[in-house]
Amino acid sequence: MGLLAAGIGAGIAAIGAGIGIGMIGKGAVESIARQPEASGDIRGAMILTAALIEGVALIAAIVCILLVFFA
Amino acid sequence: MGLLAAGIGAGIAAIGAGIGIGMIGKGAVESIARQPEASGDIRGAMILTAALIEGVALIAAIVCILLVFFA
Amino acid sequence: MGLLAAGIGAGIAAIGAGIGIGMIGKGAVESIARQPEASGDIRGAMILTAALIEGVALIAAIVCILLVFFA
Amino acid sequence: MGLLAAGIGAGIAAIGAGIGIGMIGKGAVESIARQPEASGDIRGAMILTAALIEGVALIAAIVCILLVFFA
Amino acid sequence: MGLLAAGIGAGIAAIGAGIGIGMIGKGAVESIARQPEASGDIRGAMILTAALIEGVALIAAIVCILLVFFA
């Protein structure tokens, strides 16, 4: 039962990170195209929010790796 | 049963954080592109709301880690 | 059964908080970009509504933590 | 069975409150940006409607807490 | 049970990476078309966010590969 959850949970976490960081990346490249001189501020906000999503997704992945070995 | 919930719950929490912080990050980079001189206020609002989402998602991740070891 | 609910419930609560606070955060950063001189009022409304969502999501998380230890 | 309902019900209540208060908060901050001099009236309507959603969500959460201890 | 999860989880992870990197790539090519002289900054933001998604998706794929051998 834990093994079933490990694979599907890791996949769902990848969907979350994909959609979230995808929205940020899309907004960032369009914003840089619109206002190239603000690219420093835009890149800072982009990295900060993408890192927050990445953090949660990696914790979810670690939970799934724990499930593979402990379940 | 608890192990099943641990993996899937962690994945669902990552979806929540991904979509939520993704919306904030997308809005933030587009707003900085529109009004670069307000980037300080925008960054403050961005970090505050992203941190609130991160808090709930991390608590959900901790519940899932508890489930791995206690279930 | 309670353990199954704990993980999935915590994940669902994170989706709720993510989408809700994400909408508020997106609206807030776009509003600050549109009217930077109203950033104080906007920040006040943003924090108030985000805190209300955070309250419900944290209560749901506490219910899930109770389930881990009492079920 | 009651324990299953407790966790998932609390999560669903958080989705309801999150999306509902999120729509109100998004509308409120955008409205304050559009008409800053009406921010008092906007804040009043925002708090009133958000409090009504919060009330229902908290009652749902209390039902779920009752389920943890009585089921 | 673990073998079932390995296949489905790898597929779901590919959905996540596909949608996420797809949104970034779409935004990037449209942005380069709009502002060709900013293509360096756009390419940098594109590679960075796509790599973050790729990281989570690869970890999910590794979890699924582990499931094939350990389940």
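Order of writing sets the chain letters: A, B, C, D and E. Residues in each chain are counted from 1.
Just so we're on the same page, a contact is a pair of C-beta atoms (placed from the backbone, for glycine too) under 8 Å apart; a residue touches a chain by one contact, two chains touch by 3 or more.
Worth saying up front: this structure is predicted, and the values here are computed from it rather than measured.
Minimal path length between chain A and chain C through chains that touch?
2
Remove chain C in your head; which chains still hang together?
Result with chain C masked: A, B, E | D.
Count the smallest number of chain-to-chain hops linking chain C with chain E, moving only between touching chains.
3
Measuring centre to centre, with centres taken as mean CA positions, what chain is farthest from chain C?
The most distant chain relative to chain C turns out to be E.
Just send me the rotation angle from a CA overlay of chain B on chain E, rounded to the nearest 5 degrees.
With C-alpha atoms aligned, the rotation comes to 45 degrees.
Would you mind pulling out the distance in Å between where the CA atoms of chain B average out and where those of chain D do?
18
Can you compute the centre-to-centre distance for chain A and chain E, using the mean CA position of each chain? Integer Å is fine.
9
Return the residues of chain A touching two or more other chains; collapse runs of consecutive numbers into ranges.
Each of 1, 4-13, 15-24, 26-28, 30, 32, 34, 42, 46, 50, 53, 57, 64 in chain A touches at least two other chains.
Considering only which chains touch which, how would you classify the arrangement: line, ring, star, complete or other?
line
What chain-chain pairs meet the touch criterion?
Applying the touch criterion to every chain pair yields A-B, A-E, B-C, C-D.
Can you check the complex and tell me which residues of chain A touch chain B?
Chain A residues touching chain B: 1-2, 4-13, 15-24, 26-28, 30-32, 34-35, 37-38, 41-42, 44-46, 48-50, 52-53, 55-57, 59-60, 63-64, 66-67, 70-71.
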